[in-house]
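I have a structure here, written as C-alpha cells, and I will follow up with some questions on it.
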Amino acid sequence: MTIEEIKNSLKNGPNDKGYYGDFGGRYAPEILMPNLIELEDAFEQAINDKSFIDEFDYYLKDYVGRPNPLYFAEQLTKKIGGAKIYLKSDHLNHLGAHKINNSLFQILLAKYMGKTKIYCETGAGAHLIATAACGARFNFPVIGYMGKDDIFLQSTNVLKAKLFGAEVVECVDGTGEKGVLKDACTSVLKAWSSDPKAFYCCGSAIGPHPFPKIVQYAQSIIGKEIKKQILEKENRLPDAIVACIGGGSNLIGCIHDFLDDKEVALYGVEAEHSSALTNGSIGIMQGFKSFMLQSNDGSATLDTKSLASGINFYSCGPEHSYLKSIGRVNYTYATDEEAFSAFQLLCKTEGILPAFEPSFAIAQAIKIAKEMDSDKIVVINICGRGDKDIDTAERMLGDKLGK
Amino acid sequence: MINLENRISKIFKNLKSENKKAFISFTTAGYPDEDTSLEIIKSVADSGANIHEISFPHAEAQADGPIIQLANIESIKNGINFEKVINIAKKSREYNQDIGLVMMGYLNNIFIYGIDKFAKEVSGIIDAVICVDLPEDVIEERLLKEALKKENIALIKLVTPTTSDERIQKLVKDADGFIYSVNVAGITGVKSAQIDMVNSQISRIKKYTDLPVVSGFGIKTEEDVKVFSKSNADGIVIGSGIVEKIQEVSKIETNKSKIADFVKDFCSKLIINLNS
Amino acid sequence: MTIEEIKNSLKNGPNDKGYYGDFGGRYAPEILMPNLIELEDAFEQAINDKSFIDEFDYYLKDYVGRPNPLYFAEQLTKKIGGAKIYLKSDHLNHLGAHKINNSLFQILLAKYMGKTKIYCETGAGAHLIATAACGARFNFPVIGYMGKDDIFLQSTNVLKAKLFGAEVVECVDGTGEKGVLKDACTSVLKAWSSDPKAFYCCGSAIGPHPFPKIVQYAQSIIGKEIKKQILEKENRLPDAIVACIGGGSNLIGCIHDFLDDKEVALYGVEAEHSSALTNGSIGIMQGFKSFMLQSNDGSATLDTKSLASGINFYSCGPEHSYLKSIGRVNYTYATDEEAFSAFQLLCKTEGILPAFEPSFAIAQAIKIAKEMDSDKIVVINICGRGDKDIDTAERMLGDKLGK
Amino acid sequence: MINLENRISKIFKNLKSENKKAFISFTTAGYPDEDTSLEIIKSVADSGANIHEISFPHAEAQADGPIIQLANIESIKNGINFEKVINIAKKSREYNQDIGLVMMGYLNNIFIYGIDKFAKEVSGIIDAVICVDLPEDVIEERLLKEALKKENIALIKLVTPTTSDERIQKLVKDADGFIYSVNVAGITGVKSAQIDMVNSQISRIKKYTDLPVVSGFGIKTEEDVKVFSKSNADGIVIGSGIVEKIQEVSKIETNKSKIADFVKDFCSKLIINLNS
C-alpha cells in the first residue's frame, strides 16, 4: 500500500478522540473519564505487546476453538440457485457465538490491567455467558446486567452464567416494569460509575470510546479468518459478506479486514423493528453518537422489537453509522418472518441450527445470492447457534413441526 | 439583557460577604406534571434558594439514581419534552429575576434541538447549563460552550472523586460560573457523602481555581445539610432529597399549590439548617 | 513395528466374524444378516477408497469443525494439585458432542451404498440430532427411535431433530409404560428388520458386527488428534486418558490409537447404576456378546439409572468387554454425586460446561490426577457440552445456584 | 429314548401321505401365567396341532411384534424363567408323546443356562430348537447344533425374504427337522403375508433341500389359514394369532381350563380351515 492508501484506509479506526467521521466519541460522565482514558492507554499498550497478543491467540485457538470453518453450504446454494454460499461458523465457538472473541480479549485486558472484578451487560445472554466463562477461567468475579424481559426469554443463558459463578442483576427501565438490552446498558454504566476500579466488559461495538475500537479489534479475527480461508478455497475474495447487526460487533468483526477491498460488497442486516440505520436519526446516548431510534426531542429511545433478542437494540455501533454515511456498507433489514423462514431453511438444508440473530443475515443473503451468477461468492456469518431459540421456534411452529 | 454571568457571580459574592453557602435546589421539569413542576420551581425560589437546577428529563440518564430516574420516566410519559422544559425555564425567570437558573441534563436533547438555537432561546433566561455527558474532548463541548458564552451563559464543569489533579487543572482552565464537585463515585441519591472526603476534594479543586465550588450528590436530609454546612463548599446541591419529597407528597396530594408549598417548607428548613 | 507387533496389535479390531476375543459377534436375526454383510463389505470398500476418506476428512474439518483443541486446563490442574490435566474438546464439535463424528461417517457410508433412508436410535438425543443434521445435509429422511422417558428428559434434542426434518418415534418396553435407550435399540432393530433396504446408523460401539468396528473407526479421529496434539504440546504421550462409557464410542474413539502404547493408562468410567463392566455378567443381547446387567436367566436387562441419559445403558460395546478381559483398560464407575460435583467444578474453574456424561470421566480423572506428580499428564475427553443438562442442574442446585 | 428326529420326520411323512399340511402352534411359556400356559399347551396338543412352539420369553426380543412382546414382558413380570420353561416343556411331553415340541427364543437364555446342560436337560423332551439370533457364523451356532445333535434335537434354520439363493444353499446344507420360511420382512404379528411371495420363497428353498418347509409370520386369522392352506408350504405357524386370542380371553376369564378350552377351540377351527 502507498502511504496515501494507508492514510485513507477505512481500517484506521477512530481518530484520537474516538470519532469515526461524525460518529462515536466519548460522551461519558466525568466519573468515568479517567477509567476510559486508562482503558484506552492499556488497550494500545496491550495490542503492541507481543506476549499479550500471543496469549489472546493461544486462548482463541485452545479455548474458543478457532479458527472455525468457512463452510461451503452446498445444499443451500443448490436450493437458492445463485451465488455460491459460504458460512462462517462462529456458531462453533465455545459457548456458541462470536461474543467470546470479545469477552476473552477484554478479560485478558482486565488481567493485563490488574483489575479484580468484571461488569458486563447483555441482551440475549450470549455476551453474559461468554464473559462469565472467561471470568471463571481467569478467576474474576463477574456481575452481569440483564433486562428483566431478557432474563425471562433467555433463562437458560442466565442459568449457564450462574453455573460459571456469575451474578446476574435484573435491570428495568425507569418505570421498573420492563427491561431490555438498552436498560442493561444504562444500568451497567451506572454500576461502573459507582465502582470505577472495576473493569467493564462491553458486549458490542458500542459505548464510549475506546469500546467500539476494542470490540472491533477483538472481533476482527472473524474477517481475518474469512479472508485467509476464502483465498485458500477459492483463491479470490468473496463478492459479498453479509452479517446481522444489533450493536454491530459480529458485523464489524466480519468486514473490518475487507473495508478497503472495494470489490467486496458488505451488508449489515438489522431487524425490521429495531432498524436504527434505516429508520433512525442521529443522536447521542449511552456514551456515543450514532444512528438511533429515538423520540423527537431525544429524551428517550423508541421501543424496539425483534424475534432475536441479541439484535433488539435501538442504536448501533458508531463505526456503522460512519460506514453508512460514506456508503461503504449496505445496511438493510429483514422481517421476523423472513428470518424465521431462513432459520428453518438452514436447519433443513444443511443440518445447521443458526441463532435467530444470524437468521436475519441469512434472509438477506438469500435475496442477494438469488440474483447473482453461480460464479459469485457470498459469505454469511453464522454468529451464533440456535439452541437458545428452539423453544420459541417450537411455539411458532406448533403442529407444523411434525412428529 | 441582564448580565447573566454576573447573576451567578453576584449570588456567590453576596453569600460570601454574609459568610453563607449557596443553597442549590434541583427538580425535574414536568414532574409530577408540567404545571406543578413550574409551581414547585416558583415556590423553591420563594423559599430563598439561591440557585435552582431545572433538570430536563432523559430516559437513559447515566448518572441518575432510581429516585430521579423515576421522575424522568414519569414526566416523559406525561408528555414533557425539551421545548416545554425551556418554557418552564422562561416562566420561572418571569416569576423571579434573582434566583440563578441552571438547566441540567444530557447532551442529546440540546444536540437534537440544535446547539445554537438552544443558546439563543434560553438567553436571558438561564445562567448556566450542566451537561452530564459532555466531557471536554467531544466536539459539542466546545460548540456548546461557545454558543452559551455568546449569551453569557456558563457551561458548568463537574469534578468527581476519580478526577486527578492533572485533570482538574485542565477542567477548571476555561470553566465558568462555578465548579460542581460530585461527592461520591456513582449515581445520584444512593450513596451518602462523607464530609472528610468532600472537603479534601474541594480543597483539591480550590488549589487550581478561584471559582465557587458547590458540592452535590449524597446530600439528602436536614441532617446531611447540617453536616455539610460545615464543609468548605461554597454551596450545596440537593437533588434526590427534594425529588423524593415531591414523590411522596404527590402520592397523597393533587393540588398544585399545596404540593409547591410543601416543597417550599422543606427547602426553607434545609436553608435554615445550611446557614445557622 | 515388527510383523509380530503388527500381528499382536490391539488395534487389529475384531476377527472376520466380528469377535474381539470372546466378545462381539453378529447375533442377528436372519432377516438382517444380508444387510449386515452388505454393510461390512461396503465399509471395508469405503475405508480403502481414498475419495471416500477424503470426503469424510473434508466434512470433519468444515462441517464438524475438527480438529478441536486439546486444551490445557490450567485452573483445574491448580485446583486439583496433581498431574497436568488436558481436556479434549469434542464438546466444541458441531452440535456439541462426539456423536457427529460417527453420524457423519455413517451417513456418508449410506450415500456411498446408495441408500435412501436412515434409521437411528438414541439415548440422550445427541446421536439423534447428529444423525438428523447429517441426514438433512445429505438429503436423507431420518427416523429416530427414542425412549419415552428420554423424549421427556431431553425434549430440546427432540425439537432440534425435528427442526432438521427428522421424524421421532417414541419407544417403550413391552409394558408400554416406559422406555429408555435399550428400548430404542430394540425398536430400531425391529424397524430395520421391517425395512431392510434402509440404512441403520448405529449410535455407539455396540450392536452386531460390523457396527462396533464402524463406530470405532469413525470415532478414532478423537484419539488420533489427541496423540498429535499432545506430542506437539508436550512432546510425549500422556500418562492417562479418561473417558466416560455408555455404549463406549467416545471412549474407544479416544483410546484406540493408544491401545498399543502400554505406558498410557486408559480409564473407562461408567455410571454407578449402569456399570455393566464392573457389576455385569457376560450375555448376548441386541446383536452382540458383552458384559451386561441382566436378570439371572438372561431374559431381561436390569433397570439402570444415571444422571446422564447418554451413559444409562445396561451393557457396553464388545471391544470394551475384551479390553477389560485382558486388563488393558481400567473400567470403573463414578456416582451421580461425584459427577455432579465435577460438573460444577469444571464450570467454575474453566468456564466450560460439560455434559453430565463426561462429568463422570472428570470425577474419575480428578481422583487419579490428585495422586500423580505434577510432571504427569492426564487427558479427559469432554465428549459433549452440558446445554442439554442445565435444567436438571438447576433443579438439583435450587437455592444454592446464587443470584 | 425315543428317536426325536424321527418324531418330526414322522409327523411330516404322515401328513404328506394324507396330503395335509402341518399345523404349528406357538404360545408364550408363562403367559398369562405359568400354570395356564401349560394347560394351554396341553389343550393345543389335544386340538390336533402337529407341532407346538414353546416360546421362552425375552424382554428385548428383536423379531417379535407388540402382541408377543407384551406376552413376553407379562410372563417375565409374573416370574417365569428359563428353568421354568424347561419344566413346562417336560410336563407337556409327559402329557402328550406325539406332538412335536419346539423351544423357540433368543440365544441368551440358552447361553446363560449353559449350552450342553440345556441340551441334556431337554433331551427326550423337545424335538427342535429355534433360536432367532443365532446365525451360522457365531460361535454358539456350532456349539448348540452339536450339543443338540447328540440328543437328536434339530436346530431349525430360518429363511427370510432377504435371504439370497446363495445363502439359502449355505443354510440348508446342514439343516435338520424343517426349514422355517419367514414370510415377511420384519417382526411377528404386524404385516400380513402375501401368498404369491410366500410361495415363491418356498419354491426357492425347495430348490435346495428336501426338508419340509414351514411358513410363518403374518398368518393370523381363520381367513389367512384358508388362503395359506393353498400354499406350497408343508406347514404353517400361527403365533401372534393365538397369543392375541389368549390375551383377549384372559382379560375376561381367569379359570385356567376355560382359557385352555377356548384356545383349543380356536386351534381346532384353524386346523379344519387348513386341511379342508
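Each chain carries a letter (A, B, C and D) given by its place in the written order, and its residues are counted from 1.
Following the convention adopted for this analysis, a contact is a pair of C-beta atoms (placed from the backbone, for glycine too) under 8 Å apart; a residue touches a chain by one contact, two chains touch by 3 or more.
Small disclaimer: the values here were computed from a predicted structure and weren't measured.
Visitor: In this assembly, which chains make contact with subunit B and also with subunit D?
Guide: Neighbours common to subunit B and subunit D are absent.
Visitor: Let me spell it out: compute each chain's centre from its C-alpha atoms, then which one is farthest from subunit D's centre?
Guide: The most remote chain is B.
Visitor: Between subunit B and subunit C, what distance separates the C-alpha centroids? Give it in angstrom.
Guide: Taking the average C-alpha coordinate of subunit B and of subunit C, the gap between them is 68 Å.
Visitor: Centroid from C-alpha atoms only, then distance subunit A to subunit B, rounded to Å. What do you get?
Guide: Those two chain centres are 38 Å apart.
Visitor: Could you please state the distance in Å, as a whole number, between where the Cα atoms of subunit A are centred and where those of subunit C are centred?
Guide: Computed from C-alpha means, the inter-chain centre distance equals 35 Å.
Visitor: Viewed as a graph of touching chains, is the assembly arranged as a line, ring, star, complete set, or other?
Guide: line
Visitor: Can you name the residues of subunit C that touch subunit A in the complex?
Guide: Within the complex, subunit C touches subunit A at residues 61-63, 65, 68-72, 75, 89, 92-95, 132-137, 139, 156, 159-160, 162-165, 167-169, 344, 347-353, 387, 390-391, 393-394, 401-403.
Visitor: Taking the touch rule as given, give the residues of subunit D at its contact with subunit C in the complex, in rising order.
Guide: That would be residues 56-63, 65, 69-70, 72-74, 76-77, 80-83, 106-109, 111-113, 132-135, 137-140, 157-164, 167, 171, 182, 185-187, 190-191 of subunit D.
Visitor: For the complex, which residues does subunit C have touching subunit D?
Guide: Touch list, subunit C to subunit D: 17, 19, 25-35, 173-176, 182, 185-186, 189-190, 193-196, 283-287, 294-301.
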